[in-house]
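Two complexes, one shared chain (chain A), two partners (chain B, chain C).
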Partner chain A sequence: MVVLAKSLEDRIDESQKLGLQVIKESEDDRLMTLNVGPQHPGSGHFRFTVKVDGDYIVYADPDPGYVHRGEEKMCEYRNFIQNIPHLERPVIHDSTNITYSYSLAVEELVGIQVPRRGQFIRAIASELNRQVYTLYWLAIYGIFLGHSTMFMWPTGDRELFIDLLEALTGARVTHAFNIPGGVRNDIPNGFKDRCLRQIAYFEKRLKEYEDIFYNNPLLRQRTEGVGILTKEDAIKLGVTGSVLRASGIPYDIRKAEPYDIYNEIDFKVQYMKTGDSFARSYVPFLDMRESCHIMRQLLDKMPESGEVRSKLQPNPKGAPGEAYRRVESGRGALGYYIISDGTPKAYRVKISVGSFRNMLALPYLLVGAKLGDMPSIYWSLNYWPVEADR
Partner chain B sequence: MTSAEAFIKAIESGSKHLVIKRFTLRYPEEKLKFVGDGYQFDPKRGVGIAGYRGRHILFHDKCTGCQLCAIACEGIAEAIGMVKVDEQWKHNKKAIMPQIDFGKCVFCGLCVDACPFYALFMTDDYELSSFTKEHLIYTPAQLAIKPKYDGDVQIKIDERGATHG
Partner chain C sequence: MLKELVNPTHFNVLMGKLGDVLVKALDQPLGYAINWGRIWSLWPVHLETACCSVEFGAASGPRYDVERFGIIEAFGSLRQCDLIVVQGTVTRKMAPRLRMVYDQMPEPKYVIAMGACAITGGLYIDSYNVLPGVDGIVPVDVYVPGCPPRPETLIQGCMLLQEKIKRSRIK
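Up next, the complex of A and B:
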């Protein structure tokens, strides 16, 4: 857009003197359409179109689907165990949680019980993985608000949990650890001490995060009062996870419909009432702190020995019927709906992810906001494009 | 807290790190220490043994050529193919053993879970890069070699912070 030194009326007068035809500007000409993504790093593999009137966004249209992988269809051609490695690809840094609800649903169909120690190990892996995801998200959130220290620190501290998961599962990001029937292997020797030591250190680090990032007046000015999602709208739009909790609704799947051993764990659902960008970025931080608390309890209450995996035949058959189970992942409720027709392969698998639902709030929040506030609103939605596309 | 105090606190918390040793490790010289000797599986108990999931190791004296690892991999990565070997084993009449294409392998370890004869495990070796795709295809003879891995760096935590020792 050309910046004009003269006013519009002056220009029209000049043009008429020169004998040029003058076309008056319409409402549409005033608005400028901007494409954010899919190659711009500010959006991930995701495009949204915004129309701006000066500095204000008047229209926003999300356009997902650039990284659609057909996960649901792929599930129909593989047996229940072969599905595990490809299902974790949409969110490789939260891969334990995305296979958690799948395993729960398949267990319901096949009709097996996970041994008690296996349930604890699953929950530990799930909590560790939630930390890995949240730190990754926090790093991206930091860098898009121009705070490069907040990119470096969480990326570095993520290593603490990747290290623990590497010891536990044998892989750094794609763990393939949860399996229908339990977990792949028992915890290694010395894992508990290592875990407790690193959690204690991480809690110290969280205080520093608060000092440098969350209490920083610069961040507060950029995020407080920006993109407010009210309680009623949050329910109407169907958002989940930290976005829902930031709008003042203390809803967590771990508390609302406890799976495995979460009903024995004492924890608080962290929530805030303001519903702005700051609250949406602060709730995952509070969750990380709560997660440390949960992990300590899990390690404490875990039985000393016992089975971790119930035996399953190599090609398990699900009873004809359907199952729907969901867990709380880093981005909110993550559910699997599986229909089985009695064969070793699923008839239909539907994945319900938190990212897609949180994305639906994007056009609603962007309209009326300034263009400069776009990164803080977009990334505060805890959205992961690859997961939303499946 | 006023905003001036918050600013000072933020700068203070950042500047503390000027004197703390860096967290990162110097990779080719230093390598991470892993738990155990690589991922293994105990088919009798039906449960794995924790370890790093690097490239596989094949024990020729135990492999029967049953193809269960290749069948397990079929719907996952299709990285395992059975090939003829020039060896004479009583338990392997067909004389076929798995050959693994690490260009395709996703290192999920489900082939190890499928092996009922303790013949296929995984190792700590993760440095598999090569200049051509063909070099990533490991023949049974290559898979039999036990890799040398001497990583000894672990996260150390003291009062001043965390480092890679």
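Up next, the complex of A and C:
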């Protein structure tokens, strides 16, 4: 943290001792307040005010809520199945994961089991969507730091994953694919081969990404040692996902509390120890590489035939009680807490998202940083404003 | 003859006639040229209102590439922009900011309402914090339906707007 040069009283005292004329300059004259967003090339649907002392940020105040659409309230007057389409809108580029934990929680309340093949298809869709999300995030991170190539390459490769998901689910980004009881439909013919070809191509591309972006000396200078989040602070602030893993804590929900068939999959939790902006931007990249590895195993182990969905009654009623389930999304732990009172509609739905918790670290990291480091700190927090506002 | 022309009243009449002829001769080609300039430099303000911004981002990627139509995304200052693409839901908190951005833009300015939420409120029509359509606060030129619209749909909307500008008269 940067200490302000001297307080006002000290400076007046010093001036009087030296017999100088006292210039009344208040703290407000010295500090300049800057508004970032919501109309800003980078901030997205988000505004924060920073106070700068010269080039250094001394105070930062995030102001979320520009896309607050009352998702949780809307869940209370729709039944469990009708909730799916609007619940995936907060993160339309990661829509399979945001409905995944909802489906798990509703399944626990309704008391049904997903068929084994359905679980595999869910996991495949989830991993594909993780790639789509992370590539979009990486593209924006690239254009944030003025690296236009890193906007074009991930956006182009993302379309190939979107093509796969479109073949699987029928929609480009809003799939409504995970539903309580399984998935909506079976995989199409030739999907496995297409998927394997795409993974092989993408792994080659990842090497090129590393060469052009992560080994770029300019990027390293701009991100290494910037906005360091220590291990203790990360735990205290409650950040999740890649931000937590970049601070040296190997914690992944897929490993810590495996859901569906993730306990049969062999993968490593990728983490780094430095906790700076570079680590936070590199961990999602490592996750993408690991995700390719997971997808290969999933496609290999998937049963050849079988049911993909256990049918529910037309208007399913949850047993009175509560359920909390969470999954690892692109941004971290994403949980749903549902209270049911025995009717077809939920009594209360609480969505706990990774974005909001990662955003809470922003004011701590910005204080003391240079204004020029703000973009790399802000977007490395793996934050999606629409999801945080819900 | 010359004296009569230099006479102030006659001179004014002559100049008025000349002006009419000039306007008739230049209005169409000049208007065409100005509209042509406006069509191929539609620069949108980077104001994201909700989740359609993901598809707007995809539209400027290498596959769809709206830059072919003169639309450069993520352009810096709104003082040099002439297009707002309202990307989805407008909440009560965002609405004054949207209007403020619209007021600060120089003329001529155009608005595209992208997505069902920007048109009518869409999926969030019964939410307590969402405006039922953006046309209550800014005048909309083109409506692009979809939830979210595919990038091709957005490009078609932009081309419709270009058609509209082509047919408009210069004031």
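We take it that the second predicted complex is superposed on the first by the 367 of 390 C-alpha atoms of A that agree within 3 Å, B and C clash if a C-alpha of one lies under 4 Å from a C-alpha of the other, contacts with A are read in each partner's own complex, and residues count from 1 in each chain.
Keep in mind that, in the parts below, contacts are C-beta pairs under 8 Å (C-beta built on N, C-alpha and C of every residue); 3 or more make two chains touch, one makes a residue touch a chain.
Computed from a predicted structure; not experimentally measured.
In the superposition on chain A, contact of A:111 is made with neither chain B nor chain C. When the two complexes are overlaid on their common chain A, residue A:77 makes contact with chain B and with chain C alike. Of the two partner chains placed by superposition, only chain C is touched by A:65; chain B is not. Shared-chain residue A:86: touches chain B and chain C both.
Applying the stated contact rule after C-alpha superposition, one finds that A:156 touches each of chain B and chain C.
Once the two complexes are overlaid on the shared chain, A:136 sits against chain C while remaining clear of chain B.
In the superposition on chain A, A:176 makes contact with chain B only, while chain C stays out of contact range.
In the three-chain superposition model, chain A touches both chain B and chain C at residues 77, 85-86, 156, 159, 174.
Of all residues in chain C, those touching chain A in their complex are 45-51, 53-55, 57-58, 60-63, 74-76, 78, 89, 91, 93-94, 97, 101, 123-124, 126-130, 147-148, 150. Against chain C, the residues of chain A that register as touching in their complex are 38-41, 44-45, 65-70, 73-74, 77, 85-86, 89-93, 136, 139-140, 143, 151-152, 155-156, 158-159, 162, 172-174, 386.
Of all the residues in chain A, the ones that touch chain B in their complex are 77-79, 81-82, 84-86, 149, 156, 159-160, 163, 166-171, 174, 176, 184-189, 191, 197-198, 201, 208, 211-213, 215-217, 307-309, 311, 314.
Residues 1, 3, 6-7, 9-10, 12-14, 23-24, 32, 34-36, 38-39, 46-53, 68, 72, 74-77, 106-110, 113-114, 122, 155, 157, 162 of chain B are the ones that touch chain A when the two sit in their complex.
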